[in-house]
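Letters A, B, C and D mark the chains as written, and numbering starts fresh at 1 in each.
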Amino acid sequence: MPMPDKSCSIEEAIAQIPDGSSIMLGGFGVPGTPFCLIRELVRQGQRDLTIIKNDANETGMGVDWLLDNGQVAKLITSHIGLNSNAVAMMNAGEIDVEFAPQGILAERIRVAGAGVMGFVTDIGIGTPMAEGKQKVMIDGKEGIVETALRADFALLHADRSDPFGNLCFTATARNFNPLMGMAATRTIAEAEAILPLGGITPDDVNLPGPFVDDVVALPELMEAYGVVER
Amino acid sequence: MSLSAKDRMLKRAAADIKAGMTVNLGIGLPTQVLKHVPENLPVCLHSENGIAGVGPVLANDQADRNLIDAGGAYVSPLPGTSYFDSALSFAIVRSGRLDLTLLGAFEVAGNGDLANWMIPGRFTPGAGGAIELAQKARRVGVVTTHTDKKGNPKILSACTLPLTAPCCVDRIYTDMAVCDVTPEGLQLSEIAEGVSLDDVIAATGARLIVPDQPLPTF
Amino acid sequence: MPMPDKSCSIEEAIAQIPDGSSIMLGGFGVPGTPFCLIRELVRQGQRDLTIIKNDANETGMGVDWLLDNGQVAKLITSHIGLNSNAVAMMNAGEIDVEFAPQGILAERIRVAGAGVMGFVTDIGIGTPMAEGKQKVMIDGKEGIVETALRADFALLHADRSDPFGNLCFTATARNFNPLMGMAATRTIAEAEAILPLGGITPDDVNLPGPFVDDVVALPELMEAYGVVER
Amino acid sequence: MSLSAKDRMLKRAAADIKAGMTVNLGIGLPTQVLKHVPENLPVCLHSENGIAGVGPVLANDQADRNLIDAGGAYVSPLPGTSYFDSALSFAIVRSGRLDLTLLGAFEVAGNGDLANWMIPGRFTPGAGGAIELAQKARRVGVVTTHTDKKGNPKILSACTLPLTAPCCVDRIYTDMAVCDVTPEGLQLSEIAEGVSLDDVIAATGARLIVPDQPLPTF
């Protein structure tokens, strides 16, 4: 019984995204950011997007291309301090920015991918983060109900894939990628190498194929993937 | 070769497993459906204990002691198989990545209610993964004999046993018929070769919607 | 900066467990069940235990040794159908058994390991499973609050470890092991092989060392670990 | 070699990193504590972006493009390092596996309230992982200059900025003193060499409990 083949061209993969979509982008800083998929999204120019990413990359990279091109309506993130352009657009009211503590953002995404409606946490109690959120008591302790965070699409960067979409990430390029790949209605992964079926040891898979819809082979890595000179 | 009524049921259920699907087959009759799935059909079989891409069952002397399916059978990997923990396994189930599950049944009701895990006072082993499979697979098929060993209907107007999940079943495959749960009620969609409409109606404990046109056979 | 060494004898590891403890046991059927740690627990004879495990193994194996020795007060599990002894003891009122759907059991354990108080799910709504549980509304949909399930100890079976407790599991012996290793106050792992620090590739670790307290090398595998002849 | 006041502060904070600990060091001064930790001390450094066992920072020409710490520095693996996703990384934080975190501060209050992530209208980049580190590490140390660049106290009776977490700080390390948050209030525990008690009190915006016996110096 062969596994289904999900190979896809980058143009076709990104063309599935309509205006107004919510899109999760893997990556924590540079590692794990799907720069090629983002670049194609810039080329195709879909608008009014809600972008969900840990950070806004740095000025002139990744998320910033989308901001610069006026494609982003809203950003859900944990920290945008390295992108002064994002901060300026937020302060000017040009984009709506929703912040979550980093681990809460990660868990809201994971919970969505686990088919769960939300979770209860004491993180943020006693701070402005807790304001306006539903509270419940568990064993006499107050907790905040954090809701599952889903998206229409997830764009991931993988080190390796096979045609079925079994994904392996490397080092700190893993970060939000496997979580987001579970939490989106349609998951598109770019991979530095596409190995034949059987080329990935079953124990080594970080995100199993059933979560992945489209696999895009990267022809070459653009400069953005490299070490950032500071 | 003429197939037995059971094999025709299994083959009919197998025909609804389509290219590209991720599928979970329950223990018992559903697992036996597998032998009727074409060998080259691109399908990913999921097992609750942490496999996507379940391969053929192996004899004990060929078995990997660390590789079983959720039913305890020693299985094998395929090119493209992956292993994962139990939380991730049920993330696949609950997040809608299972295109289809085929399950056994003690009772199934005309509205799609399913009871397949408990007989109070007699059989109370715990639900295992049945509740989440029944509630969350995108499509739920039940594979069951039309009647129990005593000849009593297993398809009822309402289940008498504790439910696995309410209104979860989409289609029922039996040795006599294929029935679909529709908003209007339980529809008789296909009939086994050599079985009469009256036989099916007599063996069914729920009201059946019978189309005007002749029923396809299987 | 060397990683801390957590090597421990099996006797010392299990001697930390007092009577009345709650103990999570890895394993789904045979694969991943820490038979040697369980056997030592039987030898030391701690009593009044709450055992949390997916299943009760089969008659004459693993959990059944503890049942047979009268050490178990309560069992929290998803399915005990392969152990007629466990079913009989439950029906005779000799042990208290709490059932959870398998994925809910897994998620309650994972959520505990993630330092979260509980989660909200629609699993079991409309069935007896939902009775008596707290409900909340999220986006107009009713959900059940499932609480985090912690334990005093987790006993795990790993394929490989290093002295820091980085664990790798193999095939379907992974199952509940990494989840339970996160959810216990003290996590004790037996490993078929203990590799030197650096012997495990950082990308391959299934449960990182910070979750693991004690690492026990297995001298040899007893028959229970083998293929079950049926 | 005589150490600068800053280096003595960093060295004093480093002395509280003990064998066997898993530790997270915040960006800025806390990360600089590292150079005062003995090379052979068995300690596991955690970074929020998915590392346990963070090794030395590498020059760009030696760097692995896929291996950074949460502050963006190119780091290296050690024997026993592991990588994991962001949900698991914060599982380590929230479940109490971090024995210690050292964080920077804009303001810290005598009751342990910490403000280190936001200055409304001026600095609003988002909290990153700070809230969970501050709220959930078993022990929270703040490493900060005793006063800001204008000479105003950073240790206050109450924070004026939005809190990262309330009542989370256990110990404050500054270039002038070590202070402990106790149920009775903020206690002056140690004093930097060459700094007088009056200097410390004058530079502190919170009431300090000063023990009767002579203060240890660092």
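Heads up, the rule we're going with is that a contact is a pair of C-beta atoms (placed from the backbone, for glycine too) under 8 Å apart; a residue touches a chain by one contact, two chains touch by 3 or more.
Given the structure is predicted, the values throughout are model-derived calculations rather than measurements.
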{"item": "Chain whose mean Cα position lies farthest from chain A", "value": "B"}
{"item": "Higher-contact pair (C-beta pairs counted), C-D versus A-D", "value": "A-D"}
{"item": "Chain A and chain C: spacing of chain centres that average the CA atoms, whole Å", "value": "32"}
{"item": "Separation of mean Cα positions, chain B and chain A [Å, integer]", "value": "35"}
{"item": "Geometric centre distance via CA averages, chain D-chain A, whole Å", "value": "30"}
{"item": "Numbers and ranges of chain A residues touching at least 2 other chains", "value": "107, 114-116, 121-122, 170-171, 174, 202-203"}
{"item": "Residues of chain B touching at least two other chains", "value": "77, 83-84, 87, 90, 93-94, 136"}
{"item": "Each pair of chains that touches, named by its two labels", "value": "A-B, A-C, A-D, B-C, C-D"}
{"item": "Complex contacts: residues of chain B adjacent to chain A", "value": "19-20, 22, 37, 39-46, 52-53, 55, 77-84, 87-88, 90-98, 136"}
{"item": "Chain D contact footprint on chain A (complex, rising order)", "value": "28-32, 54, 77-82, 87, 90-91, 97, 99, 101-104, 106-107, 109-110, 121-124, 126-129, 159, 170-179, 206, 225-229"}
{"item": "Contacting residues of chain A [partner chain C, same complex]", "value": "107, 111, 114-122, 134, 136, 138-139, 141, 143, 145, 147, 168-171, 174, 202-204"}
{"item": "In the complex with chain D, residue positions of chain C that touch it", "value": "1-5, 112-116, 162-164, 166, 182-183, 196-198, 200, 202-203, 205, 208-211"}
{"item": "Partner chain A, residues of chain D touching it in the complex", "value": "47-51, 60, 63-70, 72, 74, 77, 83-87, 89-90, 93-94, 124-132, 135-136, 162-167"}
